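Presented below is the structure to which this report refers.
As written, the chain order gives the labels A, B, C and D, with residue 1 at the start of each chain.
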């Protein structure tokens, strides 16, 4: 089927002015089914839209006479130094966007000086993706299978490839109700390398719900412990949306909390991920790092998420669009653009360092709210 | 006149992706006057629109690591087991949508494993409708007539047909100001079977206000008692929108409270039915079951209504549209679709059972509100 | 100039479904300059739009089992019985809409069983207008002139014609900034009868700001006393928008408070008139009657205004549009339509009388507001 | 390059009805790159739009029976009498709009009886601009250079030209992320006179970020002291958006606080300038005058800003648009229009003087907010 799915082979630096422009441009390059899978959210996409709109409801106060100059975006997680507080979110099946798939993304992310998170459902294998990053840091996102042999295989591969942490996906015990995929009658046109390497059953020709059928639906804190014990790596629990779940995850041994609503692809009718971030961050209270994603499109969004308690933010769709438009160099361009925007915001908001951002106070944009 | 009103005779399973698609599709199948009667609300339809929009203002928090798996939608009312917490709302004159009218709906609802509520103003008779359900549960919705002989006739018929409860319509002491019917100069083109069987005067060729002219305008708590005493069945008072009226209805012997603003067809300029649900449910406080309708179009709406205190929700227009498009099978498809969506939401919200949903806490979508 | 201004001579009952339809219909009948003068508000018309939108922010709770039947709309002011709590707002220059001007309006208003308020700047004279009402009640709205001889002339005429009260316009010490008039370079194409009778200078060919140039710009509580003393009639102060001014007006001898922002024609950037009504009504506290206008287009709006403390509401533009479309009968149709809508709302809200409406509690439509 | 950039040479009084009309008209006269530079804001221009929208959220209460007549707009700053509380905001490169650049603006502003603020990056020199004002008051806005010789040169020139105060730009330690300039690949097509006179390097052919590269990025309270000491003039710190920065600026010797977000051209994702004004004004507490800009387009906006604590407001873009459309006379027309609108608002709000406006209380436009 892959011979019928026309993959982009573009390889170029992108002249990005606004990350929001990429979606429309990518829609011309990525075949319709693949594009729907990447861009779509669940149900009527209310939560997907809210994810970005919500940033407009909390505002940054410009600060003056602060002596700030050439703000530094350097930061780190688990002792791993990063050139910016923005990482690649784990996204499945990037071969839909580009012939080189995750290997190109990993190369582009590495060039930007930051961290790549690989997905279980990657088009490229863990080893190939890690190799493309040439030593730059990798995390591996596991979608727990009902078959623990497969889970152990994935963790073994991740460790062998040098991944520094396991991201345990907790919000996907089944697939969200994604209408674009239904309307397009979308089936994965390409194999998923990790599935193929383990069992030969590679997902090709299957719908998203068929893929999820092999995944564990019943996930508990015991699974988090088991991942941590088996892998010996820090485990970051992804999909946290409330204080209580953050506390339970930490209680189960999580070394990181990943606040996300899966880019509006899972439960529609829930709040913007940004809306719940402050509560979760208060509960975590610095005990472990907080990663945030869902809706980030601007440097100012990054600033707002960090000011509300995130240590790192992740971006997904814009990078995948850029991948389609420019391969590894395209991916790098997204991070460069966010870096440029964030740097300007930091300067104008009077914050010299990433940790200064954590101390910045946002204000609600309407009177009577706070 | 019925020979000039072209009724659908469709009979097919519908491939529904989003219940909201049905309205536009049904508008092509149902004659304009009938469609206006079904789809329309009162005045400028502000309340009708609010009924659905209001669901976006309270949000579901996704929950993780909960061990939920294959959530169960089973529930019951008055000891009657139901396969899902969603029933058919009482809707008049379904012959407008399909040649088989309520008999097809009852058949489709039964196939979905849930409960049919018949209206006094049905196109088909109580007995025929019940027969089509082949033993699946039925409630009967009474519009009180000024003529108690007719009221007693209806209750006798309902009991004879095995109906398990009487829904007493309290919010329709006259008809709402429905502009679509006025613009279309709509008169019922088809007979109403229950009226015909009693008196021969079957409503055909009459406008909605002429129909209501025969109805009791002055309804009090004494009428609720009288219905309960005469029928010996549980009486559910429909059209409750505030705590005080819920308490008065229960004081008058109501065995159930039905929170509804009649799908925005009666008083326009009132709040969304969903907005008043929490207050009413608090007042009812578990003393009797609470049924909710008005605006439900998604599984997430069902979840939100249950989380705000409803025991069951009812859907009306989407089923009538589906009836026009697919007859009995079409009606079944609506319930199957809501079941599918609700099941996904339950899994992602960490609720194993319908009663777990009752314990879920919603959050307001905007900062400063709660 | 009047020979070039084409006045409607229509005389017919209107088949109104929604008062909002009238504006578009009237725009086809009234010449553009006249239409702009009637329909327009000040600046960018934010306040004009808010006047109607604001009604959506407070909602009526439907009530059931109340025993209400055939609600009565009867009410009174200053002992004058009215068949409905809705009167004609004072509007200038109704000859712009119809050849018979205010005489047709007065006739139509009388036929509806309610009260006509005449404006100083009427096309027809006080006496002619009153005569057309054939004994039905009239109020006279005075725009204070710098020339007290003219003020006294107007009051003398009003008393002679049997007017029952003087409405003293307090919010128009100059004209609002009305852009439609400026864009149309609008000058009154027709004489104003009261001006002509007094001085022969009748306003014809003058712009609205030239008209206002003759009006008193400096108005104080002393003027209210002077009007009351000279006329011996109850004085209603029109244009009140805050509690403090209501108290000052009553202190100066006002017998009525008229809450209005002049239909959004004077100060733009102020709140909807409906937003300030509760505060003003609380301050008045039943000491004198409260009349309300600005934005009323539905029976539900009338209900909401009465529930927020108004004793009577007034409507202006819709009547003037109907005047253009149907003369005296058109004017009557507007009141009949509002009566029909209000009657339905009263029934569904469980209010038997106008004073029951005063006891109804509205709710805010959004969570967190109240 | 200037020979290819077509400058307007218009010289005419403008018949303005609404300042908002000017933008579209000016877009037809000003070349696209220049227009983008003038009209544009940063990022997606959310803050730019909010600057004007925010005025709708606080409303003016019309007041009656106040005895106000012919309100006076006279005011002063630092003892300098002004005919209205509205001044010209400092705007760079006005040669983009008109061949005479700032000399025409200064002439027009002087004719309106108010104050001109010159920008470091003016097309015309300090001396030429001041000369065109023929003795009418001037302030000089300094963008601090890394080269203090240039800063001193500018202050020397400003004093020589009779400027009465220095406005120290604090919010522009680098340029905002202005997408219009990037999309247009905008480079200044014309020389900047002050740069040219000092060093011959005049900015022509440079992009906005190249211009800012010469500016001081690290600005502290010490710089404010140094400007005050060197110039001996009152220093107004521009770009203040919070109470704390206002206090720090005053602590460093500021003689005025200029609340501005640079017309939405610097930090996007911050609140409307009007939203932060009350907090800043409370902190300043009358110790020094407060100037406000960003978003003013109506007389009612001026009133609201003064009621929220501003002593003067400044307008920028509308004047530059009018400059393109009518040269010096065009600039005058903008101030005349705002004066006319403000005068009407003052009369209707019952405020006789500019200081009465300071005592007026605004109300929030939605229930539940305040």
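What to note about this one:
Simple rule for what comes next: a contact is a pair of C-beta atoms (placed from the backbone, for glycine too) under 8 Å apart; a residue touches a chain by one contact, two chains touch by 3 or more.
Keep in mind the model is a prediction, meaning the values are calculated, not measured.
Path length between chain A and chain C in the touching-chain graph (shortest route): 2.
Look at the contact of chain A with chain D and you find different residues on each copy: under half of the numbers used there are shared.
Superposing the C-alpha atoms of chain B onto those of chain C requires a rotation of 90 degrees, given to the nearest 5. Averaged C-alpha coordinates put the centre of chain A at 42 Å from the centre of chain B.
Chain B and chain D, compared by their mean Cα positions, are separated by 60 Å. Those residues of chain D in touch with two or more other chains are numbered 366, 368-369. Contacts between chains close into a ring here, every chain touching precisely two others. Applying the touch definition to all chain combinations yields A-B, A-D, B-C, C-D. Considering their complex, residues 17-18, 20, 55-56, 59-70, 298-301, 303-304, 340-341, 344-345, 347-349, 363, 365-369 of chain B touch chain A.
On chain C, the positions that touch chain D within their shared complex are 43-44, 46, 50, 57-58, 170-171, 173-177, 179, 182-183, 217-221, 223-224, 237, 239-242, 245, 248-249, 252, 261, 266-272, 275-276, 364, 366, 368-370.
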